[in-house]
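Presented below are the structures under discussion, each in the form of C-alpha cells.
Next come two complexes, and both contain chain A; in the first it sits with chain B, in the second with chain C.
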Partner chain A sequence: LAPWVPVVGLEIHAQISSNSKLFSGSQVQFAAPPNSLVSFFDASLPGTLPVLNRRCVEAAVMTGLALNCSINKKSLFDRKHYFYADLPAGYQITQQRVPIAVNGSLSYSLCIDSKMSQMVTKTVRIKQIQLEQDSGKSLHDDTRSQTLVDLNRAGVGLMEVVMEPDMCCGEEAAAAVRELQLILQTLGSSQAVMAEGQLRVDANVSVHRPGEPYGVRTEVKNINSIRFLAKAVDYEIQRQIEELENGGTILNETRAFDSKLGCTVPMRDKEGKQDYRFMPEPNLPPLILYDAKSLPANMNHQQVINIDWIHERLPDLPSVKREKLVEQYGILPEHSFALLNEDGLAEFFESVVKQTQMKPKKVIGWILNHLLSYLKQYSLTVKESPISSFLLADLLNLLEKKEISSTAAKQVLAELWKGEGKTPLEIVKEQKLELLQDQKELEQICQAVIDGQENEVIMMVPG
Partner chain B sequence: QEVSVEVLDHLEHLALVDFRDSEGVERLQKAIQFADQLHEVNTDGVEPMDLVLEDRWCLYLREDDVTEGNCTKELLENAREKVEEYFVAPPGNIPLPKLEERDTFLQSS
Partner chain C sequence: GTLTHGLRSQVSAALKEGRVTPTELCQRCLALIKSTKFLNAYITVAEETALKQAEESEDRYKKGQPLGILDGIPIAVKDNFNTAGIETTCASNMLKGYISPYNATVVQKLLDQGAVLLGKTNLDEFAMGSGSTDGVFGPVRNPWSYSRQYKEKSVPKSHSEDKEFNWVITGGSSGGSAAAVSSFTCFAAIGSDTGGSTRNPAAHCGVVGLKPTYGLISRHGLIPLVNSMDVPGILTRCVDDAAVLLGSLAGHDPKDSTTVQDNFKPFDLPDLTDVSKLSIGIPKEYRAPGLSSEILALWSKAADLFKNAGAKVVEVSLPHTRYSIVCYHVLCTAEVASNMARFDGLEYGHRSDTKESTESMYAATRREGFNDVVRGRILSGNYFLLKQNYEKYFVKAQKVRRLIANDFVEVFRSGVDILLTPTTLSDAAPYLEFIREDNRTRSAQDDILTQAANMAGLPAINVPTALSERGLPVGLQFIGRSFQEQQLLTVAKWFEKQVQFPTIELEEVKRHDNGVFQHQKSASFS
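Let's look at the complex of A and B:
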C-alpha cells in the first residue's frame, strides 16, 4: 500500500508595524495598561466610523510585492460577523471578496541533511494577502468563571497571508514561515515576533493516498513558535494517519496545539459550522491604488498610493542579501543562511572582514563556530555581544600574522568573552600565548623537555 | 413564499434577533419579497454595485499618527461589570438555546 501524502497549508496573520491602528488613531503598542489604547471606534461605540490608515496600506503593498503578488488596484472591504467578547462590533472588517494582493510565491530553503551542508529550494504559492482588523484580547479567569477583555489590540492592522497547501511536513512549514518572518522584518511591514503575537500561524493539515482526492482537513491553532509549528504539523499528520489506518475518520474540526503535551486536542467552544454572513462594509468605498501610468494628475499626494514608487524603494530581500554575501565573500550558501538567521550577524561579519586581513572564508568559521555558539550559550543577541567586531578582527589579525596559534586564539576568545576591556594583544602577553618564531629558542625548549623525560626517551628510541 | 422555521431559527441564532410574533415574521417576509424584485432585472455581465457613490467616493487615507485613546475611564463607564480596568464577560459565548428548549413564538408556527 502506497504511503500517505500529507498536505499542509498555512494561514498567517502578521501584525502591521504602524504607530496607529488600521481604522482609528489609537496607538499600537504591545504592553500597556488595559483598555488605555482604545478609541471610541475600537470600542464600537455608536456613531463612530472607520478611517483607513495609509501606512497599513503601504505595508500590505510592500509585502505583496516582496511575495511576487499581483496587487489589486481596486480592492474591497467586507464585514465578517461573529459574536465574541473581544470583538465589540460583532463583526471584523476584512477583505473577503477582493483582497489587496493575490497570486504570489515564497521561496524558502531546507537542509537535506542534518549537517546543514546541502540545501534545496522550495516554493509555496501565496493565494492572497488581505488587510483586516485584529480583535481584542480575552483573559480567561476560570476560577471566577468569567472572561476579562482588553481592547488594546482591537483594531490593530493585520495582513493575513494565505499560503496554498503546497507543503508536506512540519519542517517545510517552519522553513516557509521563517523566511516570511525574515522578509517581513526586512521590509519593516511587520516586526513578526511570534512571542509577542505579531505573527500568528494556523495550519491546515490533511492526508490522502497518492492519486486519490485530498482528505478531510483539520485546522490547528494556538501555535506559539516556529519550533512548535513543526511539531504541531508533524503530530497532526501522524495522528490522522493512525486514525485512518485504524479504520477511523477525520473530522473537519479545529484543534489546538498543546505545547506541554506535544499534541493537538479538539478545541472547546466550537459552535458548529460558522456562518459569517459576509457583506460589503458600507462605510468604506473601494481602495484604489495607482501606478506610474494611472497616476491621477490633480490629486493630493497624500491621498495617492503609487505601487511603482513603493516597488522602487523595496530593500534587498533576504534571498538577494544571501546571494550578495556568497558572491562578495566566497562563503557557502548555508553560511549565508546562518548569517541572516541571526539579527545583526551579517553586519557583524562584514564589519570584521573589513577590519582584518584574514580571508572571509576563514573569518566565517570564527563567526559561526565560535562567536555564534557563545551567543547561543548565553542567550545573547549580536547587539549584546561582549566582543565587538573590532576586537574579533584584532584577534584574527594576530592569528593571520601567525603571532598566535589557532588554539591560543580560542583561549583569547574565551578571555575576551568576559568583557573585561582587555585587548587581544594584552591577553596574549598576559597568558604568554605568543608563538615562538625563533628556531634556536624552540630547540632549547625541546631539548629541555627531552632532558627532563630521560626514561621515556630511552624507552622510545630503540622502537 | 414563506420562510421556513429552520431558517428563522438559524437567523435568530446568528443575529440574536427575536422575531417575537407573527407580525415580526410577516415583516421579514415582506422585506424579502420586496428585495426579490431585483431578480426581475437582467444583470448578466453587469458588475454588482456595493455603494451608490463607489466611483466617486474617494477613500480617505489617514496619516499614521496617534490621535486617540487614553480614555479608559470613559470607556469603562459603559461597563456593567469591570475588574481592574478590564471589561468582564461570561466565560464563553452563551449560545441561544435550541428551538425545542426555548420559549418562542417560532415553536408554535
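Let's look at the complex of A and C:
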C-alpha cells in the first residue's frame, strides 16, 4: 500500500507594526493596562465610522511585493458577522471579496541532514494577503462565572497571509513561517514575535493516498511557537494516518494544539457551522492604489499610495542578504542562514570581519560555534552579548598573529564572557597564555620538561 | 458666510440689531416647547445647556462678534444624532439613558457656529418607520392637528373628543424634528433621510425638508440605519434657511470616508425670475397607486405653473421605479441586520439581567432592547445575507439599485434639470387609521415617492405647497442632480414664492408670539 501524502496549508495572521490601529487613531501597544487603548470606534459606539490607516496599507503592499504577489490596484472591504465578546461591533472588517494582494510565492530552505551541511530550497504559493481587524481579548473567569473583555487589541491591523497547501510536514511549515517572519521583520511591516501574539499561525492538515483526491482537512489552532508548529503539524498528520488506517474517518473540525501533551484536541465548538453573512463594508470606499503609470499627474506620493514608489524602497530581503553574505565573505549558504536566523548576528559578524585580519571563513566558525552557543546557553540576544564585536575582533587578531593558540583563544573567550571589562590582551597576560615565539626559550622549556621526565624519555628513545 | 439678501425683518437681523436677544429667543422656544408638550416632539429638552449657550451667544453679540448667521439660533436635533452629555436614545429601550461622549459632526458644526441646541427630537425607533409612531416614547402629533385650518375643516363630535382622537401623524421617521419646526419651537431642525424620513414628515407638517446629496454632509455621529443611503436632513420653514443650514454643514469630513473630498462653497440663493431656461421633468411612474386625486391635481397644477412661467415641462420615464420598494427592502434590512449587531449590551446601552451565559445575555438584551419593527428587519436582513441567499437577494438588489440610479442619469442626461413629483400619497392620516396597518406595510407604501432618491444618492427637497381639503399640508418634491443643490434650491425657492403656503395658526404659538414669530409667510432666521 502506497504511503500517505500529507498536505499542509497555513493561515498566518501578522499584526501590522504601526502607531495606530487599522481604522482608528488609538495606539497599538503590547501589554498596556486593560481597555486603555480603546477609541470610540474600537468600542463600537453607535455612529462611529472607520477611517483607513495609510501606514497599514503600505505595510500590506510591502509585504505583498516581498512575497512576489500581484498587488490589486482596487481592493474592497467587507463585514464578517458573528457574535463574540471580543468583537464589539458584531462583525469584523476584512477583505473577503477582493484582497489587497494575490498569487505570490515564498521560498524557504531546509537542511537535508541534521548537520546543516546541505540545504534544499522549496517554494510555497501565497494565495492572498488581506487586511483585517484584530479582535479584542476575552478571558473566561470560571470561578466567578464571568468573562472579562479587554479591547486594547480590538481593531489593530492584521495582514492575513494564506499559504497554499504546498507543504508536506512540520519541518516545512516551520521553515516557511520562519522565513516569513524574517521577511516581515526585515520590512518592518510586522515585528512578528509569536510570543507577543504578533504572529499567529493556524495549520490546515489533511492526508490522502497518492493519486486520490485530497482528504478531509482539520484546522489546528493555538500554536504558540515555530517549534510547536512543527510538532503540531507532525502530530496531526500522524493522528490522521492512524485514524484512517484503523478504518476511522477524519472530521472537518478545528483542533487545538496542547503543547504540554504534544497533541491536538478537538476545540470546544464555539461557533458551529457559521454563516458569516459577508456584506460589503458600506463606510469604506474601494481601496485604490496607484503605480507610476496610473498615477494622476497632479498627485504626489504623499497623497496616494504608489506601489512602484514602495517597490523601489524595499530593503534587501533575507534571501538577498544571504546571497550577498555568501558572495562577499565566501561563507557557506548554511552559515548565511544561521547568521540571519539570529537577530543582529549578521551585523555582528560583518563588524568583526571589518575589524580583524582573520579571513571571514574562519571568523564565521568563531561566531557560530562559540559566540552563538554562549548566547544560546545563557538565553541572550546578540544585543545583550557581553562580548562586543570589537573585543572579539581583538581576540581573533591575537590568534591570527599567532600570539596565542586556538585553545588559548577559547579560554580567553570564556573569560571575556564574564564581561569584567578586561581586554583579550590583558587576559592573555594574566593567564600567561602567550604563545612563545622565541626558539631558545622554547628549547629551554622543552629541555626542562624532558629533564624532569628522564625515565619516560629513556623509554622512548630506542624506538 | 454673510447672507446679504432676504427680508431684513428676520431673526438673525433682529439678533444683530439687538431687537431680541439670544436668551429671549431661547426662553420663548423653551416656553413654547412646554406648552406644546402634547405634541411629544421632543424626547429630551436640554434647558440648562441651551440657556448657557444662549448666554454665551448674547455675550458675543454684545461684543459685536457673532460667529455667523447661526449664532444664537435655537435648533433641534433628531435623537439619532450623538450629542455629548445629552441623552441619545434613538427612541429605543436599547439606548435609554445612553449619554454619548462625542458630538456628531453636524452637531459640532452647529455648536461651533453658536447655534443653541434646544433638545433631541422624537422619531420612529432607530429611524425605522414612516409615521414617527413606533418609538418607545410614544408617537409624535402633527401640530396641524391643532391648527385652526384643520379644526375648521374637520367635523367635531365633541370638542374634547376631537382633540384626542382625530390628531394626525407627522409622518416619519423625523417626525419630531418636523413638528418642532412646524410649531415654531425652533428655527431649524436636523433630521435624517434614508428612504424619505426628512421629506415625508416635512410634507405632512408643512415645512421645507431637504435631503442633500449622499456624501455632501458628514454622517459621523449619525447612528446608522442604512449606511449607503443615510444622509442628515435639514428641516426649516423656508428654502433660504435650508440653504443657510446646508452651507454650515456641508463639506468633507475626514472622520467620514464617504464624504466627498471637493471643497464645498456655501451659496446664496438668487431670486430667480426667469425660468424659461429650465427643464422640468415629470416622471410618469410617480403617478403611483394610492396617490390621492387631490395631490395628483396639485402636482399637475404645479407643472402648469412652471409651464406658464416659460419653463420647459416634459414627461419623463424612470422605468425601474416599481422595483425600488422591494430593492430597498432587501438592502435596508441587510444593512440593519449588520448595523444592529453591535447592540449586545456589553459596551453600552441596555444590558439584560440574565446571567446564564454570554449568548443568553445577548439574546435577552436584544429582545428587551429592540421593538418588533427593528427585530423584524434584523431577521429579514440576516436571511438575505445568508450564504445561500446572498447572490439571489443582496447582489441582485444591488444590481437593481444600479438600474434605478441609471434611470435618473439618463433623464438628467436628456436635458432635464429638475424632476417634480409628489412627496406623499396623501395628506397626513389620523393616528388611529395609520396604526391599523403595520409598520412594514406603511413604510412600503409611503416610501415609494421618496426612496429612489436615496437609492441614487440624489438631492431632493419637499416644498410645502397647499392645504388639502382637510386643511392639512401637502408638499411637492423636487429632485436634482448630484451635488447641484444650488440649482435645486433655487428652483425650490422660486416655487415657494409662487405658492405662498399659509402659516400654521396655532393657539399656543399666538400666545407666545411677541412679534418674534412674525405673521409672515415664514418666520425664518435668514
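We take it that the second predicted complex is superposed on the first by the 452 of 463 C-alpha atoms of A that agree within 3 Å, B and C clash if a C-alpha of one lies under 4 Å from a C-alpha of the other, contacts with A are read in each partner's own complex, and residues count from 1 in each chain.
We adopt the following convention: contacts are C-beta pairs under 8 Å (C-beta built on N, C-alpha and C of every residue); 3 or more make two chains touch, one makes a residue touch a chain.
None of the values given here were measured: they were computed from a predicted structure.
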item	value
First, second, both or neither for A:139, with chain B first and chain C second	first
Chain C versus chain B, contacts on chain A by residue	B
First (chain B), second (chain C), both or neither touched by A:285	both
Touched partner set for A:147, first chain B, second chain C, both or neither	both
Touching partner for A:277 - first (chain B), second (chain C), both, neither	both
First, second, both or neither for A:27, with chain B first and chain C second	first
Chain B versus chain C as contact partner of A:49, first or second or both or neither	second
Partner chain in contact with A:303 - chain B first, chain C second, else both or neither	first
Partner chain in contact with A:113 - chain B first, chain C second, else both or neither	neither
First, second, both or neither for A:312, with chain B first and chain C second	neither
Residues on chain A lying within both footprints (that of chain B and that of chain C)	40, 43, 45, 51-52, 81, 83, 85, 145, 147, 149, 275, 277, 282, 284-285
Chain C contact footprint on chain A (complex, rising order)	40, 43-52, 79, 81, 83, 85, 88-91, 145, 147, 149, 275, 277-279, 282-285
Interfacial residue positions of chain B with respect to chain A in the complex	10, 14-16, 50-51, 53-54, 57-72, 75-76, 78, 83-93, 95
Residues of chain C defined as touching chain A within the complex	81-82, 88, 90, 95, 100-102, 104, 219-224, 226-228, 254-258, 334-335, 337-338, 340-344, 346-348, 355, 358-359, 362, 382, 385-387, 390, 394
Chain A to chain B touching residues, read off their complex	18-20, 24-27, 33-41, 43, 45, 51-57, 76, 81, 83-85, 138-142, 145-151, 268-269, 271, 275, 277, 280, 282, 284-288, 302-303, 305
